[in-house]
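Each of the next two complexes has chain A plus one other chain: chain B in the first, chain C in the second.
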Partner chain A sequence: MARSKSSTNTTTTSRKRKNIEDKEEPSLKKPFTQAESLFNNYKDEVECIGPDGVVNFCKDLGFDCDSIHILILAWKMGASKQGYFTKGEFLKGFESLGCYDLTTLKQQLLSLSDKLKNDSPKFSELYKFSFAFASEVDSKKSIDIQAASSMLQLILPDGPHTVNFVEFLRTQQQYKSINRDQWLCFLEFSKTVKSDLSNYDESEAWPLLIDEFVEHVKESSIAVNKEFYTEKKDDRY
Partner chain B sequence: MATKPGTGRILLKINHSTQDPEFSRRTWKLIKSAIREIHLQNASCLSFEELYRNAYNMVLHKHGEILYNKLKKMVDKHLKVVAQKVSSAVDEYFLSELNKSWIDHKTSMLMIRDILMYMDRTYVEQNKVHSVFELGLILFRDNVVHAPQIKDRLLKTLLSLVQKERAGEVIDRILIKNITQMLIDLGVNSKNVYIEDFEKPLLLTTASYYQGESQAFITTCSCPDYMKKVEICLKEELERVSHYLDNSTESKLREVCEKQLISNHMRTLIDMENSGLISMLKEDKIEDLKRMYNLFNRVSDGLNLMKEVISTYVKEIGKEIVMDEEKTKEQGTFFQSLLDLKDKYDHLLQFAFYNDKQFIHSIHQAFEHFINLNPKSPEYISLFIDEKLKKGLKGVSEEEVDIILDKILMLFRFIQEKDVFEKYYKQHLAKRLLLGRSVSDDAERNMISKLKTECGYQFTCKLEGMFTDMRLSVDTMTGFKEYIQKLQKPLPIDLNVHVLTTGFWPTQNTSNCILPRDILLCCETFKSYYLSNHIGRLLLWQTNMGTSEVKANFPSKTHELQVSSYQMVILLLFNDSPKLTFKEISDQTGIPLVDLKRNLQALINPKNKILDRESTNKTIEDSDVFNFNTKFKSKLYRVKVMAVVQKETPVEAQETREKVEEDRKHQIEASIVRIMKARKTMDHSNLVSEVLKQLQSRFVPNPIIVKKRIESLIEREYLERSKQDRKIYNYLA
Partner chain C sequence: MSNMLSNITLEELWIICDTPFQDLFINLNKGLTRKSYMNIYTNIYNYCSTQNERSTVDFYPRVERLVKAKAKEIMARSENLNNDSLLFFFRNQWNDWKMSSNVLKNLLAPVNKIFSSEAKTSSSAPTSAESKIYSDALNAWRDTAFNPLKNKLSVSLLKIIENDRNGDSTNLQVLSDALECYVQLGPEKNKLEIYQSCFETSFLQETEKFYKIESQEFIEKNGVSEYMRHVYSRIEQETNRVQQYMPISTLEKLTKILNNILISNYKEQFAAKFIDLLNEDKASDLSMMYSLLNRVNHLEPLRKNFGDFIKSEGLKEIESNLKEAQEKPQVLISILLKVYNRFNTMIKDCFNNDSTFTTTMDKFFGNLVNENPASYDPKKKESTVPVVLSKFCDQILRKGPYHISDEQELEKKLQEAVCLFKYLPDKDIFMLNYQKMLSKRLVEDLSASEDAEATMINKLKTHQGFDYCTKLTRMITDMRLCKDINANFQNYLNDSNLTLPYTFNFYVLTNGSWSLTNKPSANPFKPPSEMLSSIQYFETFYKKSYQGRVLTFLYDFSRADVDSRQTKGKIYKLSTTAYQMAILLMMNSSDKASRFQILDTIGLDENTVRVPLLSLIKTGVIECAEPSYKNWNNETEFTVNTKFASKKMKVNCNISVQIGDTKTSEGAQTVSEGEVEKERFFKLQAAIVRIMKSKKTMTHNDLTVETTTQVSKWFAPKITAIKKAIEYLIEQEYIRRTSDDNPTSRKYEYIA
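After this line comes the complex of A and B, so read on.
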């Protein structure tokens, strides 16, 4: 999850964050002293936990940086960028989860990730958030193929199409990035279309990317069948 | 009867006297002998009045039943004798005998009916039994016509007579007419007797007869001959109906014949080798085609089958023309042959197929199908028009021009990629206008207005803009000439400028070539003149599109050379140095390499060899050296250097294609936004089909591309997917 970024970029965002935070500070200050001190443990820049701090924070929390739990935490914090937690985000996250230390936080996150498995609307929100979170473009309108693939594996590890789709993204040449619409439709695709694609209907206005993916899967499965068939044939003679 | 008040008593008296049992026997006896006389045709000696009175009395005195039954018995007996007589007649006279006894019987029954009229009025009505005459009919039917020795014989005789007539013999039609009429009459109030005893077997034998006959025809005849025979057969059968069959038989008989003669053999007829539908089409056999149309029109599905075969055939032929490499090289013949094909089928439609709407439609579909098989068709149409407008229409009257243009337009309608056509038409029109190649301005405008009515204002507004530019340029030039005169500083050359509006013309942003100083001066003069009149405009010189006239002094003679502006620039270099390499020319003129090579090719063309090249390679190399050809000779004073025919190179074709694709993207998006703006929300498939509908006058977009544009619009937040249903889009204002 942690990614290093050019420092200029970082400072500008943190400064922006700081400004917002300054306004909010008076009302937030008192109740969150515990969370604030936690924040101060990890912050490595002014009012912001940078990539190194995040790694340490995850380690202390007992989660992998690339785990669904950290994604959920980022979601709850409303983090705008991977690898960074601003003070405002950090405190907001603790507030909304109702936690003050690492142990309760860990428990919260574990139970939350279990709950999300059965709460489709909430999960959709998390999924929607994950797009903006993974996007490294300022406009948050697209994510590159690489980031999209790893995010998909993280958030939909058991999706019926995830493995194939990631593989398809890796091999195709046409798309360099994925837009929001494609991203959101893939969740619905994973939810509604069976793993054998038998109920897929190409007239149903799926984005072209998904049409092409289905095409690709169908073709390659035919190819596999053929191979299988010729192998069998070879065995006979 | 009696109207006096006293008659009641008289009636009573009679009543008393008739209670005498002898009365009825006596009266019947009288009537019986009268009927016998009638049967013997001796009715003239009888007194009708007396008989009527007797019968009246009998009925009046409740002896109606006796009278009715006795009459029945008597006629019955008589008819048995008649039947005997009829059946004993020899074959030749059988029918006439039957007919005679029928006529006699009818006469007798009419007389008997008259005598027993009172019985008909009262007894028959009260007891709901058959009237006297009907009784006669029924008895005749049962005793004579249906007599075992007569029934079959009658049918056989009738059928054999029909058969004889079919074989060409002359038969007594009136006799048969009488007999069939008899059968109809015997049905009393229906035609059952006629239908059961005669019509049904007739239809059966007809079917089997024509089955055999058609089988024989089809193996021996060609398709047209077969159809002629069928026509004759059908005509004869109809005559038969009108002569001696009942009218109701007509439709049934026709149906049977048509089934046997046409329906059962349609496929064979159409596919018949060397004379079937295809070869009729090939050889323009209008009469035969018309015959086939008429015959097939009689049966269900006949025309559909015909239509299908024609449409497949047209598709095939068209495909041959369109995909024929040889022909497509020569655009003229390519298109001419398509026009010919169109003419041919229009002619057939008009004269053989009665302009049947379905036929027109299917043939048009076939044309649309094959014309669009070749992606170059739009270009070829434009080239064909180009050729016509350049020279093909010289000396042709206005009406004829109109006809030719209309025909071209007919084919144009079949083109799906009308936007590609527009691109090429623009290119070709630009060349015609700038090089003054157009034969007639009227014809040009005519074509534009036709395109306008066909495709709408949008399609032609740029083309019309080109004409406006040309007109304005003439005015500008007059103004410029006056300006020069006022300047009192004559220009070194005569400059004529066309000012073209960007966007209307297919201008390319080519890097300008380096103009010689004199010309540059002229250009600058013009520029300052023009910009002083039109503030805020930007002039860019399109040197690749101009032409020049150059005076060249060859040792033998002075010639005036008509060349392109590029060629002029090249030639002027040789004023300073007699020898130049390709590289040097390229460097000093700055003409793009492709154009430079093209223009040099034209200058070293053996026909008008103005430059000499010290190499005989086919292609021009960087190191090639060019000389001014001092040995140039020509009979003419003015020499026209033809530019090497600029056939579109694959690269250029690709570029045009890409431009078209790019334009389409915008058009599709514009169309989507237009629709969504009006509808606000719409589902995917409706949106796509609406877009296709809106754009079909220009091109037929691939639905996948439409989908791509929709996605792009979603990404740019012009649209969004509905939160409830992914298939529905909302318009975001």
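After this line comes the complex of A and C, so read on.
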């Protein structure tokens, strides 16, 4: 309880301070030094917060490590690798979000994640970022199926095709990884194609992966229908 | 002369004219002497030139009255005549009448002149003045002679035609003359009016009636074949009659009726008979049926049946010889060619070289070529004919039992091969195989004739375009250049005072044009010392002559001739591969060698050395205690067969041996599916990059279509293959997708 109380306190002060900053030519130095000391709390390697530090940081912030908010934070930081924040990235993130402590940060991230839901171009940027972020390879040209599936569930949890697509990725054998083009096209696909796939046109420029996905869904739904039909038939006799 | 120009009145003139005029019409054959003709003409002339213009008007009615009276007088004689006699009488009188009218017209020429100048000044209806007299005469004839008789006449004329149709002899000239009268009597505006209303209509009706009955009876009695012949001659007869004796405008209407009654009414029956005719191979009947049904535009069922027939006949031929057709390229190819020639000839002989039939044949024959049981691979779902055809070409072009030495005969065969080439769905598979086999022929010196090779390449070039054959052309060029290179190398050696221990011949082949690579081996081949100096000399020479070029030695494809001196003094010439030569040279110093020693000396690995050893053992040049290569190890020893003997002095050691399930054959080896797939992927990429480079941006559909056309010369790409290539190029950052909110207007964009 005490803790939460204190945090509300800081929030109010931060708001005040922000107002002051807005009014009188803010000196950016102060929040920086605060962010810097925050960074020092979590860093476990030289100039870098490693996986353990990130876990602690998230916990203190009050978010799951694999939540959309942390992804947004990573995006704002321009983090290049999952599980790591370098000092430069960390400070850049605080700067661009205009925050200097965990409470303001949490507020910012919550409001940002709300805003993003209605800001398609910004969301596209985040989506684009998530590919490189999730990529384990140095070239950032592909991500393996496992990472792609987790990332999709994280970033497009309510997408009309996400559940089916992740399921498809899990069962198919042909693809070991997903490239950038396929990744970007899936967002487009989720935005434009209805959940029943009725407006899907295979003569359009969709990547083969998506063609195959659609075929897979259609086939399995036929199979389901058939089963349903035969069951019904059986009932009759 | 002037005293002759005395005034003359109409009455006086008429006294002079009356009798001769009457005679002119009634007693035409009495004739008119020159003197009296001149006399009458002069008088008329005088009358016209002296009388005032007004009085000439009185002259015409008199003439008109005279002509009418005469016509009546003549026709009075016909009262007791009927049918033919009436017709003949009418025809004769008509011919006379025309003559008489002409004479009268000429006699009255002076009057006509005045009349015509009058007509001009009074600007009355400008009737052709010259024929005023003549048309008066015709009108009199029409009103007095023709009109009362026309029905009778028409009936008689139709009777004549009916007689002609029934084969009774009849006088068609009467028909012609009478109908000429019908036309002459027609009004100036539409000369054919009387002919059409009084004769043509009932003629056409009669014709229709006649043939309706006749055709029905005939076909029932004699069957379709006879009927077709009959119709053919009927149409000819009718056409000729119209052309010779009737106004030609009738022909079109008549033809329509004949086509309708004689052909269209029976076209289903005709077409049903078509298959029988094909089966019985009745060329003349087929040709007749074609020409008849062509008249009524009813060829579609024929084409369809023709197509099916080609396919079923072809399948019959192949199935009766299935096993051989599956195994031997030349059997399948010659069956296909036989079918091709048979139906090509049929189109020429029976179907008038009709291009629509050729199209049908192309479709169905193409289908036969690629989907018969000997050529269709149900597993791969594709035709094997591209491969079979390239094997066929290889067989006839390479030295060996199938080569045709007669130039013209060979040329003919090649031409036929190109004929079938047209029907290949995937011309790239043919080309890849052809290329592979050609490189083998050239490198192993198995090509029977350089000219024939060039001929074939040129044929393919004319058919499929220059770029289709680029690699082949380059290969041939390489071979030509090799002669120069070897000669230059010899000069170089002479100039540098170098000598080679043996004769060497090098082929320098451009990388990329030839599909030749050494099989991968753990250790490289170590050429024996005997070879080494030559190779080094050549390398030095070549690098000096062509700077910056890299030489790779293809030992897998190198050949050698080795002399083997036997203890008995016999010398065998062994033709070997480079590896076999290296093994044999080793055995010069010791009679036996373990596999370890061999590998140590000549390089290679246990897999690559297996085939040379096995074939040397098979020829009997060397021996091994262990017959199965599977049990060989590094200690296995190979010894020289001291008892080696052969009937031939020249022994080929590079013979095929069995390794596992596959036989390493020296014959044609085909290109694998994977290689084809790879080649296609490159082709698609190249096409897409080319297109995008010139168009910069393009929609998915346009790019797909354009790419398909670009590669269609080689193969028909699947959409998925094109997509795969596009996606690969996106990944490689040759192109990208434009970001457009409207998904239908999204495009690809070339990244420069």
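By definition in this document, the second predicted complex is superposed on the first by the 206 of 237 C-alpha atoms of A that agree within 3 Å, B and C clash if a C-alpha of one lies under 4 Å from a C-alpha of the other, contacts with A are read in each partner's own complex, and residues count from 1 in each chain.
As a convention for this text, a residue touches a chain if its C-beta (ideal position, glycine included) is under 8 Å from a C-beta of that chain, and two chains touch if they have at least 3 such contacts.
Just so you know, these numbers come straight off a predicted model, no measurement behind them.
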Should chain B and chain C be called a clash or a fit once both complexes are overlaid on chain A? clash
Return first, second, both or neither, reflecting whether A:215 touches chain B, chain C, both chains, or no partner chain. neither
Let me test your reading of the model: by the given contact rule, A:114 touches which partner, first (chain B), second (chain C), both or neither? neither
Please work out whether A:141 is in contact with chain B alone, chain C alone, both, or neither, and reply first, second, both or neither. both
Contacts for A:196 in the overlay, against chain B (first) and chain C (second): which applies, first, second, both or neither? neither
Which holds for A:179: it touches chain B only (first), chain C only (second), both, or neither? both
Does chain B (first) or chain C (second) touch A:204, or do both, or does neither? both
Partner chain(s) touched by A:60 [first = chain B, second = chain C, both, neither]: neither
State the stretch of chain C that overlaps chain B in the combined model; pick it from 40-48, 454-462 or 490-498. 454-462
Note: overlapping chain A surface for chain B and chain C spans 141, 179-182, 184-185, 188, 203-205, 207-208, 211
Could you list, by residue number, the parts of chain A that touch chain B in their complex? 141-142, 179-182, 184-185, 188, 203-208, 211
Show which residues of chain C lie in contact with chain A when the two form their complex. 699-701, 720, 723-724, 726-727, 730-731, 737, 743-744, 746, 748
In the complex of these two chains, what residues of chain A are touching chain C? 141, 179-182, 184-185, 188, 192, 203-205, 207-208, 211
Listed in rising order, chain B residues that touch chain A in their complex are 683-685, 704, 707-708, 711, 714-715, 721, 726-727
